[in-house]
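We call the chains A, B, C, D, E and F, going by the order they appear; numbering starts again at 1 in every chain.
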Amino acid sequence: MLELMLALPFVLALVLAILRDAPARAVAWLAGLAPLLALAVLAWLTPAVMAGDIPRAMHEWLPQAGLAFSLRLDGLGWMFAAMVLGIGALVVLYAHYYLGPQEKTRRFFCFLLLFMGAMLGMVLSGNLLLTVVFWELTSISSFLLIGFWFHRDDAREGARMALTITAAGGLALLGGVVMIGRVVGSYELDAVLAAGDAIRANELYPWILGLVLAGVFTKSAQFPVHFWLPHAMAAPTPVSAYLHSATMVKAGVFLLARLHPSLAGTDLFFYVVSTVGALTLLVGAWNAIFQHDLKGVLAYSTISHLGLITLLLGLSTPMAVVAALFHILNHATFKASLFMAAGIIDHETGTRDMRRLGGLRRIMPYTSALAIIASLAMAGIPLLNGFLSKEMFFAQALEIEGHEEMRWFITVAAFLFATFGVAYSLRFVRDTFLGRGPRAVEDEVHEPPRFMQVPVAILVVTCVAVGIAPQWTIGPALATAASGVLGEAVPDYSLAVWHGINTPLLMSLGGVVCGVLLYLVLNRVLDLHAVVRQSQGRRLFHLNIEALFRLGRRFTHTVANGSMQRSLLWLVLVAIAAGAAPFVAAWGEPREPVAFVAQPMVRLAWVLWLLLVCSALGTLALYRHRLLAVLVMGGCGLAVSLTFVALSAPDLALTQLLVELVTVALMLLGLHYLPKDSPPERTRWRRLRDGAVALAAGAGAAALAWTMMTRPPTNAVAAEITARSLPEAWGSNIVNVILVDFRGFDTLGEITVFGIAGLVVHAMLRHARMAPEKVMPGPPIKLPVPADLAQMMFPLTLVVSIFLFLRGHNAPGGGFIAGLTLAVPLLIQYVIQGAASVETRFGFDYIRAIGLGLLIALFGGAASMLLDLPFLSSGHYDLELPLLGTIPLASAAVFDLGVYLVVFGSTMLILSMMGTLKPSKKMIAHRGTIDPATRSAITGEAS
Amino acid sequence: MNVFWELLLVVLLLVGSFFILMGGIGLVKLSEFFRRLHAPTKASTLGVGCVLVASVGYHLFMDSDPQPRELLIVAFLLITAPISAHLMSKAALSLRMDEWPQLPGKSDEDTHVPPRPDGGDDDGY
Amino acid sequence: MSQLPILPILLPLLGGALSLFVEHRRIGTVVQRSVAWIFMLATLLASVLLVARADQGSILVYLLGDWPARIGIALMADRLSALMVLATSLLGAACLLHACSGWDRRAPHFHALFQLQLMGLNGAFLTGDIFNLFVFFEVMLIASYGLLLSGGRGVRMSAGLHYVAFNIAASTLFLIALGLVYGVFGTLNMAELAARVATVPAGSLPLAKATIGLLLVVFCAKAALLPLYLWLPEAYTRAPAAVAALFAIMTKVGIYAVLRVSSLMLGDDAGAMAGYGWDWMLPAAVGGLALATLGVLAASRLRVLVAYVVLVSATTLFIAFGLRSAGTIAAGLYYLVHSSFVAAALFLVADLVRRGRGDAGDALRAFAPAPGVRVVAGVMFLIGAVSVAGLPPLSGFVGKTLLLQAVPEPDIQWAWPAILGSSMLVIVGLTRAGTRIFWKPAPLRPSPAGDGPRNARGRLRLPETIATMLLLSYGVAMAVAPGPVTAYARATAEQLLAPATYVDQVRAALPARRLP
Amino acid sequence: MSRRFLPSLPLTLAIIIFWLLLVSEINAAQFTLALALGLVIPLYAARIDREFARIGTLRPLPKLLVVLVWDIVMSNIRVARQVLGRESRIHSGFIWYPLEIGNIHGITALACCITLTPGTVTAALSDDRRYLLVHVLDLADEAQLVADIKRRYERPLMEIFP
Amino acid sequence: MYVVGTAMLLALWRLLRGPTVPDRILALDTLNVTAIAELMLLGMHLKSAVYFEAALVIAMLGFVSTVVLSKYVIRRDIVE
Amino acid sequence: MEFAIASGIGVLVFAGVYLVLRARSFDVILGLTLLSYATNLLIFSSGRLTVGKPPVLQPGMEATLANHTDPLPQALVLTAIVISFAMTAVSIVLAMRSRADNDSDHVDAGDVRDEREAGR
């Protein structure tokens, strides 16, 4: 049943969201159906709750986190549910008439039901985490409701402010709840309520209390974060009537009541909660006097009343709790009706500014009467419900024990509360309904549609009924609710209107008198209409938020400005730090000597070393003249290749050499489209800094390499590979065997990378509009002699390529090297004969070559999967041919063939794309041509 | 017999090394690009040729890899060296090094390209 | 011999290769997309099966080439790998769907690159060999370059240059680290490495630490940890929507690698190396979280904001994993999966907004997009924002709650404020973005400069919407029924904290035909 | 027909020899492979080739080769002397060498010969293919040099490449 | 070997010293050629034939960088 | 020998890092290329240095590490070379495109342009 009740608003919200073109009336009916049906369910459950039963429902949600979908309907929940649904139903009725035909009513009711569901869920929740879930849902849905008129700046700002503050509180609450869960070991409300002593005794208690209260205070608009509530008045009035009088702002005090058994009962609780409540009460009431906006008065008054409730809950005596619950109900009724009345006034006159209103008593007598009664209830005038709870409050304030100073403070606060309450109520009534008629409002002000008044009337009647016959009307409900909080400890209390003449009654009377006097004095002395009170809270909030955004922007712009140089600098620095840290940390420790025999250094090796070092430094020295840098770097590549040869790595040397050749070609191709040299560095400081960083990096790398090489090797794996290479992988060139067999999967990835590189280049250049940096004048040169020679070479290189491919498994070579050996000569053809000439003769779809190569490699590797062996398991077969003898066939060769094709295809694709860019005419003109006479022979560039 | 071949190999190696060194010295010593161009391209060709022949012989006798494959290297060198030389001189010509005043030891005749005998115009070099 | 672990790698490779054959203009988009979808769905199926197998608790070891893991390459499908692969496939499917609304025709080789990107991701998650991890990193990266740059122009190129150059530099560092790894430990198999790290002689300890430290630096760079995150916002912001969405999982690869390496090699069994690196990573994570959060606040465009949200989630994950308890790791895993989906969805929403607002793009000023887009995009943004901000009832809340619950007692004092505070500020940032983008009315008269809605193409394309909703629905599903995912995450975390099993399984895996 | 399937016999032969040299083993299998390559590769190479070599006669070839090797050796020695000697004694310069041979292969071969012989290097071929620009390291007698080249290289080459 | 090594150093000097671009190209070319010789000498010295492939590839394709660089100097656009 | 290699690596890294930190795309690419040489040497040296024992099995020579150098790093370097080559190609093309599209070869050209646009 509880599930059904909870589901109703959500389901109907969904229905509303889906229904596209429903008429407004149907939408309203559907929306109203939710609270009405839910009320019916609630009514059905009421006898059980009244009897002290707690109907429950439990569904697992996330047991690991202790989050369960558990619902429980105890007295407190019952009271709130009734309030949420009852006032909800009235608000729906009211809103139907309030919203104009051009408003998006469907969306409004959808949000409203969403909120109603969230609120209902919160009060029904039997699991604290679930409470948090619904708690935040109320924040979100109230955000949507406040911002319903989102074309208005104040609506957007109000919504954001409300969400920011309440969501922050929600996060704090989450923290508090999780801590409670840690202490109690469960989030189930029953367990938590039973574990009050454990919680209070735990060292985390102050934290728990602080976090939970942060949630409570933000939600219930307590000082000093109360300021969001007045700004939330930008919402349509039904929203204010619902959220800001009866429900959402009560969520905070609800939770305080809910957790009262677990958290209350310590001095800390008492002092913090009652002080905050008292301050809020005063601040709210005082500010309410100076508002000009009808809803502003109501909002500050709400703050003040919420402060009262909080204060009562802070006092923590059973009687105070009862008073708090009682006041929650009372406040909901009179405030909701007042909001609705304010909405009607706004609706009819077009303004809510009391300075422009007045005399409405004559124009809309019925509404005025209702509103005046509700105002009197707000002021705590006898025979209305507000009076009763206020009396109870006074009594409690006077009965505080053990905290003498608090008793005084709170009693004074209570008296001031009464005084201010009377004052602002008076102002509200007088400025709106009495006095001269409305100024500067549109004409034809009249009573609203009848059904718009019905909800107000119902609420006001309730106020009066409760005020006159409390025991008879509200008694059972209050008793039920009180038992929900206090359990067995519900005190004896009397809900009589007349308790005889006692101090509280005198205080009330004094309050009324002082209130009237205060109003008169203020009105005379200060001219209330002229006082303009800025909300300090808003200003502070605004400043803070803006400061936050500014801080964010400043930080982000200084730190993460998108500069690549900075990224790379950080990377280098962090790498240096990571490399150096362990050595620095181990600096002082004694080091065991390492038995290390260096390889002898022949003089020839020094030649290589010189070649390497000099060309590296040469590249560095010449980097600004790019052509020269590329040239000198060629020496570097050669040196590395020769080093590999010298150190027994022929395969590597071959690969490095070929890659080097192609890289040089690529760089020169690219250089054609890039500036010829780099401009000088901006600052000397930067050069020095980078130099120092580079020096550190270089030294670090050298040190790491040295340290590594002087350690004894651990090469059991290498030994095993070496031993198993021939017998099990049928290859003598161990490096190639590793590439196509032991670690063939690496190679598969590697050729994929290579193939993708081709595709990327193709994709980037296919539609590119590029202009060379400078063009040489004149037509392309013809090079007949080299062309002839190159043409002669091509078939021979093809032969070598095939040779290298076939022999690769047993001698230096293999698919990769062979593929490049084929591609490089073709590059020469491009260079010497020109791209057009080659491509017309040698039309080759390089992209498909890549695809085909990948497929071949894939199928070569996957063949073994047919035999239920893993991918890339190599097979070996000696093909006996009659004339030719034995031909060894290895499945790895198929794989290598794929490599061959991909490498060839991709290299050629890259080269041909870069070589055949067709520049646009316009851009050539833009960058100009080179005058051969101005070229420097030293750099080869035009000077 | 063996001694003779060994001697021959040694001579080949010496000759080869000598010419390679000549190439290097020429490259460093000569004063102007086109002169330098002569030294290494050809001295190296002969030098490397000799070394390669020696290598063939050496492997033939040392029995480590008794095949004359190194000859292919010679073949390739013979094909590629002219291509390189041709292109490098074209590059040098295109930079008009004759108009560059500061080369030491430069004389007019070195870098001055005479007009074509038939007066034909040849911009392209 | 089950071939299951390799399928998530080979299927996209096959799909990518075949895409190259069908991508000719004459063949038509239907065939191209069919090929892409066949392999996408096949990969998805394989990943689902893989998760099902992995969830049985044993680690699947796949010996490539039938060689023992120590000398060959082994794929390792434990719970973590399987989870990551599945997340990738789910994300990939949505991104593909989004791309099929038209981008795939504008970017050359899109489908091939896309499939190969999936291959790279899956390979990185599945491999049990650290060098092979490098290779798949590169596959993934170069494919991402392609996806980022293909069909792009202008500023995207310089953003791409930043991304590419940074990653190449990081990869270089990776290689240096790998050289050291082999030089110091003599093996590349991660399980073997784990065993050898524990027994490294005292004399080699600084070197070993430097080696592992460099590895971690590389992974942190890929995961965009402070201070190595500067590359991320630009790259992710400039990428086409579907690609940016796919990139949401890319930072997670770095995090995955950190988690893998640290759980295997720096676990409690690692002797002198135990816990190395985390002393630095946790403060960096907190600092990164702060800066990322500020970035969310500072963002002037929705894309940038989402990029910083990705950063927030990445750094949060570092905190979760850095606390190194089963609970936090499990929470982190849940959070990882959720945040990938949601961030991806937000990227797609940002793209919708950008198109819906014409010239105004996704800048956080100006006004709401065309009405056709506004409502749908607004709702999707709301769902995404609620998820990503950790508000209930969506997945972000579940993840955050799990994480808060699992933070060990002594760390609460810094971890909670960090997590909750960043949540708070993210909410502020998202609220501002949302109200500005969806709630601000267009100016009545478009200014002559042309930044009015005139150029808005306010039409929703169905695949885009479905793709976004799909991603969001992953998150919603994770929130509605979090049980299976959290249980799985918990089991994963426990598996990760017991690396000995991993090592044993690798060593026990026998080749089918060969001698062990 | 034969042009289509066998575009260039010399090339085929060269490839076969080349392959056998490369693999350095002569057996039936390798020979078959070499033959196959020799037949297939020219077909592909033909796509690039613009003007296939037409060989007139090969008779002057041996003599040409001997002359060439001799010249290389001799001029190498001369160049070595020049390099080691004082540079001021060298008088180098360009000459335009008038071509008689018109076949591009012939020109190429000639250019090769000139370049391979130390002391001379072909720098350019005129666009109309009538002149070679030759840089001479030590230019003593221009006419003598031109005559030498003509006699020693160009004539035999003209026979080979008519 | 040392002789050839010396030749390489001389070429290196020219490579770094210049002065003109073609000079450097020439030096690089010379480096390649001497490298071939060096490799063959090394092969003889170590009695190994595995250096053949490297030498072959240098001989066959080492001139590519020369060609490409020269072409760049001549036309800036190396593939026209 | 070890010292020579280590110092060579150091010099390459020094030059490479300095260039990588430059502001122009081409310089960065040059730097990355130098760094990749250094990387290759470093990986290579992780198998320790051996002269004249290439990992190519020959008949009559026992297949042990006494006769052959460690082949594994060589295979790794090979893979690394290929991959870094692919990356170099992509980065060169990207530098060209960035230059063409953004009118500058400054590595942060896009920002410069963005700022210019924002300033308008």
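Note that contacts are C-beta pairs under 8 Å (C-beta built on N, C-alpha and C of every residue); 3 or more make two chains touch, one makes a residue touch a chain.
A quick note: this is a predicted structure, and the numbers were derived from the prediction, not measured.
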item: Length of the shortest touching-chain route, subunit B through to subunit C; value: 2
item: Shortest path length from subunit A to subunit D (each step joins two touching chains); value: 1
item: Set of chains whose contacts include both subunit F and subunit A; value: C, E
item: Central chain of the complex, centres being mean CA coordinates; value: C
item: Centroid comparison with subunit D (C-alpha atoms), farthest chain; value: A
item: Subunit A-subunit E separation of Cα centroids, rounded to whole Å; value: 59
item: Interchain centroid distance [CA atoms averaged], subunit B/subunit F, Å; value: 32
item: Centroid spacing, where centroids are CA-atom means, of subunit A and subunit C in whole angstrom; value: 16
item: Numbers and ranges of subunit E residues touching at least 2 other chains; value: 6, 8-9, 19-22, 25, 27, 48, 50, 56, 60, 62, 67, 69, 71, 73-75
item: Junction residues of subunit C - those touching two or more other chains; value: 131, 135, 138, 142, 145, 149, 159, 161-162, 165, 169, 176, 179-180, 183, 234
item: Set of subunit B residues in contact with two or more other chains; value: 18, 25, 37, 41, 45, 65, 69, 72, 76, 79-83, 86-87, 89-90, 92, 94-95, 97, 100, 124
item: Contact pairs between chains, per stated definition; value: A-B, A-C, A-D, A-E, A-F, B-D, B-E, C-F, E-F
item: Residues of subunit F defined as touching subunit C within the complex; value: 20, 25, 28-29, 32, 35-36, 38-39, 42-48, 72-73, 76, 79-80, 83-84, 86-87, 90-91, 94-95, 97-98, 101-102, 107-111, 113-114
item: List of subunit E residues in touch with subunit B within their complex; value: 3-4, 6-11, 13-14, 19-23, 25-27, 29-30, 33-34, 36-37, 40-41, 43-44, 47-49, 52, 55-56, 59-60, 62-63, 66-67, 69-71, 73-75
item: Of all residues in subunit D, those that touch subunit A in their complex; value: 11, 14-15, 18-19, 22-23, 27-29, 32, 37, 41-42, 44-45, 47-50, 104-105, 107-108, 111-112, 122, 125, 127, 129
item: Parts of subunit C lying in touch with subunit F, wherever the complex brings them together; value: 131, 135, 138, 142, 145, 149, 153-162, 164-165, 168-169, 171-172, 175-176, 178-183, 188, 234
item: Footprint of subunit C on subunit A - complex, ascending; value: 60-67, 129, 132-137, 139-140, 143, 147, 150-151, 156, 159-160, 163-164, 167-168, 170-172, 174-175, 178, 181-182, 545, 548-549, 551-557, 559-560, 562-564, 566-568, 570-572, 574-575, 578-583, 585-586, 591-592, 594, 701, 704, 707-709, 711, 713-718, 720-721, 724, 728, 741-746, 748-750, 752-753, 756-757, 759-760, 762-764, 766-767, 847-848, 850-852, 854-855, 858, 862, 864-865, 868-874
